[in-house]
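What follows is subunit A paired twice: with subunit B in the first complex and subunit C in the second.
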Partner chain A sequence: MAKDVQPLNLYTKSVGVKVLLSLFSGFMLLLIVGPLLWLAIHAFATEWLFPSYKPKGWTLDWFRKVFEVPTLVDAMKTSLIISPIVVLLSAVICLPAAYASARYNYWGRKSFLIIMFASNAFPKIGLFATIATLYYFLNLMGTLVGVIIIQVLGTIIFMTWIPAAAFAAVPKSLEEAARDAGAGKFRVFRTITLKMAMPGILVAMVMSFIYAFDEAQGTFLIGAPTIYTMPTAMYAIVETYPIQVTAVFSILLTIPSVLLIGLARKHIIGGQLAEGFQIK
Partner chain B sequence: MALPPILVLGTFIGFPIGLAFLFSIGFTGGLNEVLSIIGQDVRGRDGKLFTLQAYKDVIADPRFAGDVKTTLIVSFVATVFVLLFSTGIGLLQRLRGGKLSSVLTALSLTPLFIPVVISSWALYTFYGSAGLYRTIFHSFGIDVPQITSTMLAVIIGSIWVSLPFATLMITSGLQSVPNALIEAAQDAGASLITIIRTVMLPLALIPIIIALTFTSIGILGSFTVPFFLGANQPTMFGVEITNFFSVYNRPQQSIVMAFIVFAAASGIAFFYIWANFRNAKESGRV
Partner chain C sequence: MANQSGEGLELVGLRKILGGRVIIDDLNLVVNKGEMVSLLGPSGCGKTTTLRMIAGFLIPESGKVFLAGKDVTEIGPEKRPSAMVFQNYALWPHMTVFKNVAYPLKVRKMSKSEIEKRVHDVLEMVNLMHHKDSRPAQISGGEQQRVALARALVQEPDILLLDEPLSNLDAKLRVKVREDIRELQRRLGITTVIVTHDQDEALSISDRIAVMNEGRIEQFSTPQELYDAPQTEYVANFIGSLNRVTGSFENGAISAGSDVIGIRPEDVFFSKNQIPGSVAATVTLVVPRGHFYEVYLKRNDAELRAFVSSEVPKAGDAGFANITKALIYRDGKLVRTA
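After this line comes the complex of A and B, so read on.
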């Protein structure tokens, strides 16, 4: 696996290279972390006027204020309820297909993987507009079920591809050895196949959760104005509330992703995600 | 066992897309009836079964040329920079290792943790009129205009959002180039540039192409980043599709635009499929 590879340690003694690299790192730091920190610090600021480098004063009041706005609290609740449902539903729908794609070379298997990819190439917002047509007919506009379906659609690609690669990476000989030793089919699947593919499934679940938690366009089009999740509420509050409130809300909205990716970090960087995106 | 996802995709993606395509060429009956009654400027309501008038409307619209230009420039420039950054960081990690390259990798993966709405908003406050970007210049006595509401901001935002996936793909591809091959080339006297150009990049070509296709397709159809960071007009198609659908209430023209973007994305997707098949053929799986 990729993570075991040692770099070649081609150190150059040239000071120029070192300076250049340090400059590039500094540039990347400012580019990536700068905006996040800038916004996050606003959450603790009483008032912050241009062109000062720091706010007039510090406060924790904005955190209390956010929890006093009922629409924002509702949005948090809705998000925390919907996202796990989406992940579980997506797992139930997709994991058997992922296993099948990895283990059996069934008819149309390749087309299946390509259709999956093509559905990802259609511009999301155009897709949501077309789905709205169907939703009007099925009476799903503005309903929780409608929002859940919209979010499940986006998770399917993670939930089939990544676990499929993980299942495929489990050596068949191991399964056969266990069968020879007398283990039943189900036991082999549970204790060997599923266990070894678990990191991939975990990555898929984390990515799906983040996708669902983060999904705004479709949720807004289908859910608003009756159902607001945290990201769709964000669209609304950036225009009406002070920047400090949006900063607090941003911090709250980021916590689940940071926790979850932190949990699966090793596997994501270890190549489970990258493996999943190559059709085999 | 592959049936459930196919059914879900078929019902909620395949079927609506088919329906929408019929709608775009003037089929206004059946399930499309609600939309064609609510919507403005729906072509084909006069009973014609087939008309390309909606496509002509979109192309003749004065906004169209500007939108095409903006979408193409943003997608192209951002994709190029994403690939340059992620390949550079991947090579650095593979060849040099060390603390600095780990820090760079960690930095380029950071956006993965942040919901796109948040990152777009954070970038907006950073590059906006009261943001750190202007504050820094101001402390040197230079008064610069804000970057937000320009194409540059959309490009920066798109790079920001797309960097982690490309870095993951390309880093993992470069890691799988065997040390032995690189060392053999070194022993034969090849320079570092030659090794990168003739050994490492060709062997990591497939992951690089995958990163290229996903990045460019993602940016091509993006909405949140150009919505927060871009100008109102001209804008990227993702925003224009939304505007036409909900603000201007012209669903047919909105769907026509979706198909135009889809056609462009399919062109790019072809590369991806080709690369994957070539890959599978080389390792004898096809």
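After this line comes the complex of A and C, so read on.
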């Protein structure tokens, strides 16, 4: 290992540059965190009107209110049921494809990955509209199955590309060593390949979950007016309830994703891949 | 097909095509039980390919592989009685040293206590008990190498296969580890095939060496035989150092001719005094080589190198050089030694 390689030195002594950089970082932070903060405050504020710089008072009433509206509670339930199903279904469908594209050089492998990628570059609404016409024909409009399928479609990109890279990064010799040690093909996959690709797969699952949980376009088109998830219920909320309810709902919408990222973080960042183990 | 090796290893007429090219062609090899054999040859000659056919990662186009008296040609690596140590060790980074070594036993559905005992024994053997809970990334290259060896040995294989197991170690460690491996192999009596392109390594730890050239075995014999009587010019060139002169060799002198005469530098002697068979020579260059000197000599019939360790001459010295042994090749094959 070359010890004389120094990290790129971007350290600066100039106070002016430092101040400028700090200001810039602060500004970026404000841009991103500002609206979230504003939202969070609204969720707990009794009332907060324009010229006043702080809310009149604090309350948890808005949360209670949200949980009192049956349609909103239903939307939450639907979201919490649908999203995990979408993630698991997507994993079951995509992981074998990801593994195949990483390990076998079959005909059309490249095209498969590129089409997967390219299909995501086009505006989704066009695809959804086409699917909707197909759904009318198949009687899937307004059904849970229809919504799940539409959400799975959107997660495919995460569930193929990221795990494919993770599988490809598992050195073949590690699988061969396991075969040599007496393990059959399936056991090798389960104990070596899958285990080592797990951080990548977890990332893909978290991203898929966040996507599915947040998906509104397709879900609204297919699900409404019988099935509402949290994001699609949002359309109605914005029109009929005060801003504080929107704020509460937004916060509720964020919780699962934040929780998931927190849970997966340990496995993703603290995993063996982060130990910097170098394998030829 | 007859299997002469008994409990060892036998390769019969192996042929392997990779990427449209014949990599191994009609390769035959018999390794006796308990023997340690090196596959030695330059890069790309097919050593790894041969080893992978023995391990079961590659299936030969034709030919047969016998391990411990059984035809395993069509059998997958997991069912063969062989264990392999990979060149890059191929340790599983998500498992501790203990788990790495325990894996083959777990696959064999051994009881927990039995696994515990066996893994401890083998880790004790390779001096790694203190690292049993470390991850592969946390231990040194030499230690990783020993884990890989332990993982192979714990399976108590009939055949141990090693693919350049020492190439990632520094020179000093390499010598120590190869002696450790040899010692273990002798003690356990495991039939072993080791791939190397380092002739020192092969000469010092093998019972027999198979010198490979372009997918074939040129010569298969003991290190001593290989050195004293290399059967082909290729082997003579590959093993040890060689003066190569074209001519005809008679009574210690070289005259015009078409044979290839191979003379080991340690069979060339320089002296101030003439003795029977020696020819006048001058020293043109002296190069120190550590524990000996390489002396370049010019005789009227040839230019020769000699290895000298005492009474080292200086460049420009005049005297006599005689050749005590020569290998004579015709069409690349050894025809006689003189």
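One rule holds in what follows: the second predicted complex is superposed on the first by the 256 of 280 C-alpha atoms of A that agree within 3 Å, B and C clash if a C-alpha of one lies under 4 Å from a C-alpha of the other, contacts with A are read in each partner's own complex, and residues count from 1 in each chain.
Methods note: contacts are C-beta pairs under 8 Å (C-beta built on N, C-alpha and C of every residue); 3 or more make two chains touch, one makes a residue touch a chain.
Worth saying up front: this structure is predicted, and the values here are computed from it rather than measured.
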Applying the document's definition of touch, where does A:67 land relative to subunit B and subunit C: first, second, both, or neither?
neither
State whether A:52 touches subunit B only (first), subunit C only (second), both chains, or neither.
first
Between subunit B and subunit C, whom does A:122 touch in the aligned arrangement: first, second, both, or neither?
first
Check the residue A:94 against both partner chains and state whether it touches subunit B (first), subunit C (second), both, or neither.
first
Is A:180 touching anything from subunit B or subunit C once the two structures are fitted on A? First, second, both or neither.
second
Taking the superposition on A as described, I'd like to know which of subunit B and subunit C A:213 touches: first, second, both or neither.
first
Touching A:27 in the superposition: subunit B (first), subunit C (second), both, neither?
neither
Need the overlap of the two footprints on subunit A, from subunit B and from subunit C, as residue ranges.
271, 273, 275, 277, 279-280
Subunit A residues within the subunit C interface of the complex:
171, 173-174, 176-184, 187, 191-192, 195-196, 271-273, 275-277, 279-280
Within the complex, which stretch of subunit B touches subunit A?
1-6, 8-9, 12-17, 19-20, 23, 31-32, 34-35, 85, 92-98, 100-101, 103-105, 107-119, 121-123, 125-127, 129-132, 134-135, 138-139, 156, 160, 163, 168-169, 171-173, 175-176, 179, 182-183, 192, 206-207, 210, 214, 217, 220-221, 223-224, 237-238, 241-242, 245-246, 251, 254-255, 257-259, 261-262, 265-266, 268-269, 272-273, 276-277, 279-280, 285
Inside the complex, what are the residues of subunit A that reach subunit B?
2-3, 5-11, 21-22, 24-25, 28-29, 31-36, 38-39, 42, 48-53, 92-94, 96-97, 99-101, 106, 109, 112, 114-127, 129-134, 136-137, 149, 152-153, 156, 160, 210, 213-214, 216-217, 221, 231, 234-235, 238, 243, 246, 250, 253-254, 257-258, 261, 268-269, 271, 273-275, 277-280
Touching subunit A in the complex: which residues of subunit C?
55-57, 76-79, 82-84, 86, 88, 90-94, 103-104, 107-108, 135-138, 151, 155
